[in-house]
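First the structure, which I've put down as structure tokens, then a few questions once you've had a look.
Letters A, B, C, D, E, F, G and H name the chains as they come in the text, with residue numbers starting at 1 for each one.
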Amino acid sequence: MARGDRVKLENADWCKNCGICISVCPTNVLIKGRDRVKIDDLEKCIGCQNCELICPDFVLKVVTQDEN
Amino acid sequence: MARGDRVKLENADWCKNCGICISVCPTNVLIKGRDRVKIDDLEKCIGCQNCELICPDFVLKVVTQDEN
Amino acid sequence: MSRYEIRLSGAGGQGMILAGIILAESGVMVDDLNVSQSQSYGPESRGGASRAEVVFDEDQIDFPKVIKPDLLVCLTQEAFNQYGEDLKNYGVIIADSRIDTTKLKDKLKNNLYQLNILDLAANKIGKEISANMVVLGIIAKIIQKKIPVEFIKKAIIEKVPPQTVDDNMEAFELGFQLKLDKRSYAYGRI
Amino acid sequence: MSRYEIRLSGAGGQGMILAGIILAESGVMVDDLNVSQSQSYGPESRGGASRAEVVFDEDQIDFPKVIKPDLLVCLTQEAFNQYGEDLKNYGVIIADSRIDTTKLKDKLKNNLYQLNILDLAANKIGKEISANMVVLGIIAKIIQKKIPVEFIKKAIIEKVPPQTVDDNMEAFELGFQLKLDKRSYAYGRI
Amino acid sequence: MDFEKYLRIDKLPHIWCPGCGHGTILNSFIRAFAESGLDQDKTVVISGIGCSGRATGYLNFDTLHTTHGRAIAFAAGVKMANPGLNVVVMTGDGDGSAIGGNHLIHAARRNIDLTVILFNNQIYGMTGGQFSPMTPTGDQATTAPYGNIDQNFDLAKLVEGAGGGFIARGATHDPRQLKKIYLAALKHKGFSFVESFSQCPVSYGRQNKAGDAVEMLKKQQEDTVSFKKWQELSFEEKQGKYPLGILKEVENPESEYTESYQKIIKKLKKEEAF
Amino acid sequence: MDFEKYLRIDKLPHIWCPGCGHGTILNSFIRAFAESGLDQDKTVVISGIGCSGRATGYLNFDTLHTTHGRAIAFAAGVKMANPGLNVVVMTGDGDGSAIGGNHLIHAARRNIDLTVILFNNQIYGMTGGQFSPMTPTGDQATTAPYGNIDQNFDLAKLVEGAGGGFIARGATHDPRQLKKIYLAALKHKGFSFVESFSQCPVSYGRQNKAGDAVEMLKKQQEDTVSFKKWQELSFEEKQGKYPLGILKEVENPESEYTESYQKIIKKLKKEEAF
Amino acid sequence: MKTKIFKPKKSAVLTQGNQAVVEGALAAGVEFFAGYPITPASEIAEGFARELPQIGGKFLQMEDEIAGMAAVIGASLAGKKAITATSGPGFALKQENLGFATMIEVPVVVVNVQRVGPSTGLPTAPSQGDVMQTRWGRNGDQEIIALAPSSVAESYELTIKAVNLSEKFRQPVVLLLDEVIGHLREKIHLKSKEEIEIYNRKKPESNQNSDQFLPYQLTDDLIPPMADYGSGFKYHTSGLFHDQSGFPDGKKETAKFMQDRLHNKLHNNLDQIIFYEKNIRSDDNAAVLSYGSAARAAISTVNTARKDNLKAGWFKLQTIWPFAEEAVAELAAQVDTIIVPELNQGQLIREVKKAAAGRAKVIGINSYAGDLIRPEEIRALLEEVL
Amino acid sequence: MKTKIFKPKKSAVLTQGNQAVVEGALAAGVEFFAGYPITPASEIAEGFARELPQIGGKFLQMEDEIAGMAAVIGASLAGKKAITATSGPGFALKQENLGFATMIEVPVVVVNVQRVGPSTGLPTAPSQGDVMQTRWGRNGDQEIIALAPSSVAESYELTIKAVNLSEKFRQPVVLLLDEVIGHLREKIHLKSKEEIEIYNRKKPESNQNSDQFLPYQLTDDLIPPMADYGSGFKYHTSGLFHDQSGFPDGKKETAKFMQDRLHNKLHNNLDQIIFYEKNIRSDDNAAVLSYGSAARAAISTVNTARKDNLKAGWFKLQTIWPFAEEAVAELAAQVDTIIVPELNQGQLIREVKKAAAGRAKVIGINSYAGDLIRPEEIRALLEEVL
């Protein structure tokens, strides 16, 4: 994975705010929002994909930074 | 088992002449008959019950000799 | 009272069904009053619009579902869009203030009470989920001539988890205190 | 020939069903002859009485089972007791000699041929199981005007295990040679 | 052996073919039962459909001849309704492991106190010789005219995988052992399963040129070995050999299903008493 | 991950509850599939009834949402009719091990080339939380208000007992491993079975006070251990722990069912040629 | 643990139809449930799971519907009143063993809370689509008793009746609810023990010699006494046709005799089996004949129509099978038109037509996609025909 | 190994009814069988086990009837013509998935060689006891096509028809034999390839864009084209009510639309589905209406009766379901009496009565304990009514 990969709310509408992604993020990038998860601090993202792989709702995608 | 126990065709009518008893008798007491098994030589019977226990048709019974 | 039909609509999870059951339970406490209570099952009940119905009648209740509501509650836009205009011409619509009701038929405008149910629950109780108790308070006031308010309170206490009784009663009172003056004929029909 | 009905009865395992099938197969070889063949299934077919039926007709065969046999074969007492008197008044009964036929109705006595089928098979072929072929021989003679004997022989060869063909043909011939003179009208009705 | 006591004498001789092993199974069973000391009047025997299913007709107990494959499910109802009854199931390899396979594994899982005797003749006998889940690969059957390509179950392993607590295998060539196993199975508190090798000289034997009952029993003996000996065999030697005897016995009457249920009833009664 | 390729985007968001593990299973599956190199157009995914059964609605393949418990039997028909297709079954613990248990063990026995993914959330999710054969003893369920007295299956053992050749267990807390397992299962020639632990915060979680999805995943992680580690545990340490990973893999493509059948066809063709 | 103990409760309660089935069954003496969950019947299983252990009864969740059916038959043979519950697809799976229960004459009640079929259909919407499946879902001709409540109160009452009829006639009885009745909550009045008439199966005399016991004895009422397992009779039962001794003999005479007895034991007693309510005035020209949830709209419509002087009456079947042939024939002789609203494409209307045999016009109103039939629809048709 | 290769044979052969089904199916292009053995249908499985691998087709013996039904549906979806066979008790087990096949519109043929029920009954004796089970054995209203041969030759012919109809209407078809027809051996004439008309299911156009493919597309004939699995369309199918795209939406309108389409696709084409033969002279006063093995006695009786100048005719249904309502109504208008011999307690006679609607007297002759109805019985009744 290229350096500079970062998480993205690819399908934000589908997020059910379950919080699973938050719990698996090693660097606390994500936080609960009102209806859906929010990116708190994108810069902390190390692109580890933990969140993308476990999200039950296909919301998250780790992309190279310029796509974000 | 008391000495002198001997085989008996307790329910002779039920015999289907399958020959299984003959094959398990250690002393060749029994032989095939026309429609059913026959006792060839009762004296050879050692009352081992092999035949009684395996007969699928409940034909044979080992009894003390005076019952025979 | 003669046949009286209530429809409660909102989103799945807003507790409309529990509210319907509590209303029905309170009716059971009234001697010689018959009660039928039903709700929508199916895809709608998980997310989407959710619906509970209560019918009261001193006579036997032949048809057990609401034919045309006397009283309609809508907590969401979706519910309002779907059910908002389906009621007796003298019926009452209770709609949450967040709902855009501008498209309601003119002749029904007079039947509409728009009340800040969800906000009350969220701000005063701190849980939007208490909105259903606010709704019960409102209804209790409307139907109090026929179903004693105490019965509804008793039913609430029986049906909600013990540790939530206080919050729920508080929400109920909030609803009960809301003003509903201008179209008092609604009461008369009960 | 017009409708001609054969019933073969005996004990399970006596090969009556195979005999029925062979007869039917021989009928298939005759152009424009229709054939229906059936047998009893059920508890009887494992031990007990066993029954096979063949119906030949140049017309369409409406009812596929024997209504009243033209020709009845009984190999066992049990079969004879059960079927022995159920045949056309001009029908033929072929019964094994071991069967006690004294109780047969007088008016049928004339229809009866009692033949030593089982003994022939047991003594001449050495296998009582060949009795069914003896029976086929007898029948072949009776119906030879309508079904060529060669066809029956061909059907036997097709249907029995190759290594048993010789024995079976020998048994067939034994049956075919048996005397059946006195009541030749039986042939005429075929 | 007092046949009259345990058999319905007036129904005999039975309908099974000459040399059919099913009769030997019955023979061993009634001896085991006699020795068990269990109350005959309090014992129910339940079977499915098949040649094996006919067993109940000859046994002098409360007997139930059910639908194909469902005997164990009926038995579960009987046992739960009256845990005081001893409930025995007699089933065929088709009845018990094909159409009835699910009921078998679930009863094993629940550990409900049934004694299941599966008559394994490796074929659908009653219907004339179609292959069953126990027909060895390569064998002939009326529905496998070119040789069976199915792999057969190892039923002991299956029932063990399902959680069964008592698992045994016996065979008609050794009725003494068969009786002993049945006795142990009857006494086991909880689900017990006895696969019983049986010879079917007619529906299986004929198409597989297996000879008569006597020859089939000889083959059976060759293919089997006592569990004790079997454990000492090398992997290669084990191939194609089936161990006979009690293969697994876990004593855990606590977890027996009707007992566990009874505990709930007791607990609720106590709660009510307060 | 190219979601559009493997998901029916227009059907999303799916109907599953917030935090339902079933979505993670789908997520891992499509990644495994993408990596497998299998032809998407030649792949059929078949499900039964249940929350898990809804999976097929979201997957961009030929998909079939069948009756409750029967998905594997449908799949066997599809695979036999056209062995060129890759056939995947998605089933629930109720669908696949309660009503559908028999089809599962028989498919394993036959070694027919299906990939069975069983969504094990230890409950009947769709119908609102009745206990399933996978609900642990003692747990609450709407039909076990006093605690479940059933023993649950160890499905890996069951399928092994039935003769299954590829057996694995994964869990939603470790989607990387889950994907790897699915990939191996897809590639395995023959019957492959993957029990997939999934969390059901609604029908299971609520009644069992198991917390939200995050807490349930934590618990799931605690209760599981890699197969490698597990093998090193003592008997006592193993209790209550489930090994994750590929638990058994027998390479025996020769015995795969459709292949065995093809051999018969070939042989008959040859015979005819003479 | 919060548990609800089954004991005499305050008589007026808000109860769901499915729960009323549980209450009715317990009141009638049911001590055993086995089944498999399915929408919209699961609450029945859940209710029994809660209640039965409290009275020492047994709840058994089986691996599928087939097993559930088998288990209740087994329990009944062991002497317990037993019940199972399901919905359409599961009911199909129970059919083979339901036929077995008829054949071996075991009292047992099968509840089917109907949803829209075919197949998985609309699992959470009401239907009366299993009326014919109830009668004909098995191999063979055998009769069945089926009752259909139209309210929560009737669910309670008819469950008691179903249990009683099954005990009385040694016969499985089907109780047909639908999703609406099953999930509806209504105020009902539970009865006290004294108010409830309970029928328990006839058992062999206590001095009956077990050797001479005939489990399928030919008695005057054609209903053989039934012995509990474990009571010493050691009798045999089989799904093959059997003689009085319970043993199959493969004879066609035996089969014929048994077929006839099974048929006659019900048909000689239709007055005890067939229940209906009606309100037909001598000058009514039309009648709305209905059952189950459709009856609610039917009666409601007739009641309002009469206020507008329409000459209409209503006829509500509580017993669906055996069909009330005679009463309906009589009705057909009296009115010109019979309207039959059903939540299916027209199932019981076939029987109505047969019974009417041309004497009255028979018209169906059919809803078969999950909607209730509404009073307006019936009213419109009434106005058209009157 | 002695094997019989399926290839053009000498045309006149002695064939058992069950074997004729196998021959007919192969002639119609069937390449797949899955099932579970049961008397008296096992020979069908055995026949396919022998024949199918010889033509590269597949025979699958499943663990039970439910699985057998599922597997043939799966095979059909994979593009093969598929068939299963069973008898009454097994047929009951297939019902749930038979309903599924109707719902998802999969061509498949189910053969039921009927034996006497209820339950295990008399496994080796003939019956027509599953006529109503065929129509109503499942949850919901859905229609079914059912054919009933009365001879070995017809078993061959109607099997071909059954396969064709199932392919044409994307619809399961039931073929009802009975033990007598199944086991009867008769001389029949097999047809050559050229003589046989074969219908293959309609598939999507080859240039069909897979993104726009609607697996349940509304077409003029109401029969959606069906794509084989693996042909790139990646479509979804569900036993829930679904729209044209194949996806369920939970909407009642969708359910209604689908119920109606399923009904109409058959009812708009009854002329292609309903087959019967008759011989009614203009002055006949009575007719014997029958099907299956009972038709043999019926026709035989009428033929002899006519020789004695009785004014009787015969009407033989080959298609049982949908019922030939119109033709029978016409018959009822013409004759005074319709006699309906059936090997059951009177099943199809219900339809005859409904269709007759009082215009003709309808009388049944019923044998329901394993005996064939014999010509004498019909003759006696004919004489009585004429």
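Following the convention adopted for this analysis, a residue touches a chain if its C-beta (ideal position, glycine included) is under 8 Å from a C-beta of that chain, and two chains touch if they have at least 3 such contacts.
Treat the numbers as computed from the prediction; the structure is a model and nothing was measured.
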Study note, to complete from the structure: Hop count on the shortest chain-contact route linking chain A and chain E comes to 2
Exercise for review: Work out which chains are contact partners of both chain B and chain C.
Suggested key: none
**Study point:** Farthest chain relative to chain B (centres taken as mean CA coordinates)
**Key:** C
Review point. Once you count every C-beta pair in contact for both, which comes out on top, F-H or D-H?
Key: F-H
Practice item. List the centre-to-centre spacing of chain D and chain G in whole Å, with centres computed as mean CA coordinates. Key: 55
Revision key, fill the gap. Chain E and chain H have mean C-alpha positions lying a whole-number Å distance apart equal to 39
**Study point:** Between chain C and chain D, centroid-to-centroid distance (C-alpha), Å
**Key:** 87
Review point. Hey, what residues on chain B touch two or more of the other chains?
Key: none
Check your understanding: Got the chain E residues that touch at least 2 other chains?
Key -> 17, 49, 67, 98-99, 101-102, 106, 133, 146, 150, 261, 264, 268
Check your understanding: If you look at chain H, which of its residues touch at least two other chains?
Key -> 3, 39, 53, 63-64, 66, 89, 96, 100, 119-120, 122-123, 125, 238-240, 250
Check your understanding: Of all residues in chain G, which touch chain H in the complex?
Key -> 66, 87-89, 91-93, 95-96, 99-100, 102-104, 114-123, 125, 127, 129-130, 132-133, 135-142, 238-241, 250, 252-253, 255-256, 259, 262-263, 344-347, 350, 353-354, 357-358, 368-371
Review point. Touching chain G in the complex: which residues of chain E?
Key: 8, 11, 40-42, 44, 46, 49, 56-57, 60-67, 70, 73-82, 84-85, 102-103, 106, 261, 264-265, 268-269, 271-272
Point to revise | Contact footprint of chain F on chain H as seen in their complex | key: 3, 5, 31-32, 34, 53-54, 56, 58, 60, 62-64, 66-68, 70-80, 82, 96-97, 100, 228-240, 247-248
Revision key, fill the gap. So, in the complex, the side of chain F touching chain E is made of residues 98-99, 101-102, 105-106, 109-111, 133, 146-147, 149-154, 157-163, 255, 257, 260-261, 263-264, 267-268
Review point. Any idea which chain B residues touch chain E in the complex?
Key: 10-11, 13-14, 16-20, 22-23, 52-58, 61
